[in-house]
Amino acid sequence: MPETAAVSIRNLSKSFDGTEVLRDVSLEVQPGEVVSILGSSGSGKSTLLRCINWLEQPDRGDIRIAGDRIGVSDTGKPMSRRELAGMRARLGMVFQGFNLWPHLSVLRNVTEAPIHVQGLSKAEADERAMALLEKVGMADKREQYPYTLSGGQKQRVAIARALAMQPKVMLFDEPTSALDPELVGEVLGVIKDLSKEGYTMVLVTHEMEFARAVSDQVVFLDKGIIIEKSHPSEFFENPKTDRVRRFLELEAPAV
Amino acid sequence: MSNWDILWSSYDVFLSGFYNTLKLFGLSAVLAFLMGSAMVFLLEGSRPRLKVPLRIFIDGMRMLPFLILAYLLYYGLPSAGIRMSAWTAGIIALVIYHGAYFAEILRGCRSTFAQGQVEAAIAQGFSQPKMFMRIILPQLILKTRGLLGNQLIILLKDTAFLVIITVRELTAAASSLSSTYFIPMEAFIVVIGFYWLISIGLELFIKMIGRFGAKRGFENA
Amino acid sequence: MDSSAWGLLIQGAWTTLWISGISIAIGVVMGLLIALLRVAKIPVLHQLLGVYISLARATPLVTLVLFIFLTAPTMGVNLNRNVAGIIALTLNTTAFNAEIWRSAFNNFSKEQREAALAIGMTPWVYFRRIMLPQITITSLPGLVNEMSFLIKGSPAIAVIGVVDLTRVTNRISAVTYDPLPPILAAAVLYMLIISLLVWLQRLAERKASRLAV
């Protein structure tokens, strides 16, 4: 019997104002696996990611995190805010726009949720946060405020903030799309390190080379449907559909 | 006879108070705006001579309560040999005080203008006053209309202070009626209603200017 | 002006300060509560509060003070002058503060809320730890500015006989027969108070601008 999937998505559908954004999507992410979701803009890939932690509520289908259903409690009723917060704490999310809290220093951004959600003491939270800031190379900036940081630095702090809750799964929503080209590398470097350490990650990205290098599984979404799901080597070298072939031609770095 | 009937029988008191308040407001609004614009005009150019005194005057007014200025003109100046009626003192106080505020609003906006516009106007041979009237001021009004509108409402409300220096305006009417017939509630509800009406009217007026401005791309006030 | 005149003047200034201070303290908190209720858009209540704010902003303080002080006895409540003054100033400043708070709420970024929910905060923890501290900082310049306006409007309470910094000048000149010096002295004291607030407002603005990331 296989171990419980870290994320299990079954028959997910979602529409906005009558337009179907996701249609009957199913996907399993095994513990330790890195899954990249690719697709052109408007394909529904960000929506899929945001459904996983219930920032968007799907119309149909269900999502389980390590076997536990998110959004809907055992009795079939919508989860209370508290239950939902508890489920979300098991998922770390990194946003395209960083979304740091500007009134808190780098260190306090990272310790805020451990202290006020998990109930850690300040000393414990500080210790955990410093280790993570060390890992993303931001320890020396711990007393600074977000407005003094570059985009790449902000995103590394945001990654440390998400890791501080010791999540089962990390979700990345186009983590480098808002960055200047010369800052993309430092953020991808951090994510790559995490993949080597065995974190379970779901990644929405436009960085093809990167997806190829870190993923165990690549998923291609088109108009809300998964049309290809395969190992990166096969996906990039031997795509099964014309749609993916066209996409790869357009996205291929112009060398 | 109900309290409202008593009030109705003395509607002329309200009307004359209302009329006086409108007159105070209209006259001083126009004069104060002219004064504010004139001060901003005097600040035009690269090194205006009056920069320092105007700055001191504007900031000084903005740190004073309106009533203390009215006190100064009405109660204080007679000891310096200058006497005027409560009405005159009231109007002058309103004009000086709000003129400074208008000047500050317009000046703040003027300082954000690109130099290019002025250069383009000078290149076309506009004189300084003409350029100010035709190029600068219309834009200032469109851009600051929200702030100007707020200031007009503050001016309207400041007219009520003049009851304290014995001007017979709207609040004075309510006050005298309520003490004559002892019906303060009704008298003041009517008067507050009047103030509300004028304020809403002013807001509508500002919105109208806004529509005029929106056509020309002056979206944000 | 002799020392007893200065003594009276300082007393007047103190009256202005404590009455305004109490109104400001209540007004800032009430303004926040009203803004919260308005943001929640509860039917009927939303409209009622909207009417209150519109009315309170249109009513001159002098008129409001007189209204409250003269009307209360007809409803069987005997209000002390100071209390009537505080109620009027509070009703006035609360309406302005509510709009300042509300605009800070409306301008607050949705993304920070998502970041907080995604990390497992309940909406209440998010409000208390993330939103409120920032809204307070961004509202502060506006709130301090409104405090200046309240102080500048506070002489309205003179109309019901509260001896504040403005009215005390009448009292002094009733003895000295020379109103000019006390009025000028009161003006200087007002300028001191307001310039302190203006200075605080600058500090607050500097702090707030750092949040605009």
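Labels for the chains are A, B and C, by order of writing; each one numbers its residues from 1.
Throughout what follows, a residue touches a chain if its C-beta (ideal position, glycine included) is under 8 Å from a C-beta of that chain, and two chains touch if they have at least 3 such contacts.
Given the structure is predicted, the values throughout are model-derived calculations rather than measurements.
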Skipping chain B entirely, trace which chains still reach each other through touch and list those groups.
-> one piece
With centres defined as the mean of Cα atoms, the chain at greatest distance from chain A is chain B
Identify the chain whose mean C-alpha position lies nearest to the mean of all protein C-alpha atoms shown.
-> C
Chain centres from averaged Cα atoms put chain A and chain C apart, in whole Å, by 46
How many angstrom between the C-alpha centroids of chain C and chain B?
-> 22
Chain A to chain B, mean C-alpha position gap in Å, rounds to 56
Any chance you could list the residues of chain B touching two or more other chains?
-> none
Residues of chain C that touch chain A when the two form their complex = 109, 111-112, 114-125, 129-130, 133-134, 137, 210-213
In the complex, the residues of chain B that touch chain C are 60, 62-69, 71-72, 75-80, 153, 156-161, 163-164, 170-171, 174-175, 178, 182-185, 188, 191-192, 195-196, 198-200
Enumerate the contact residues on chain A facing chain C in the complex.
-> 53, 55, 81-82, 85-93, 95, 97, 99-103, 112-113, 116-118, 145-147, 158, 161-162, 165, 171
Spell out the residues on chain C that touch chain B in their complex, using ranges where they run on.
-> 54-55, 57-64, 66-67, 70-71, 74-75, 151-156, 158-159, 166, 169-170, 173, 178-180, 183-184, 186-187, 190-191, 194-195, 198
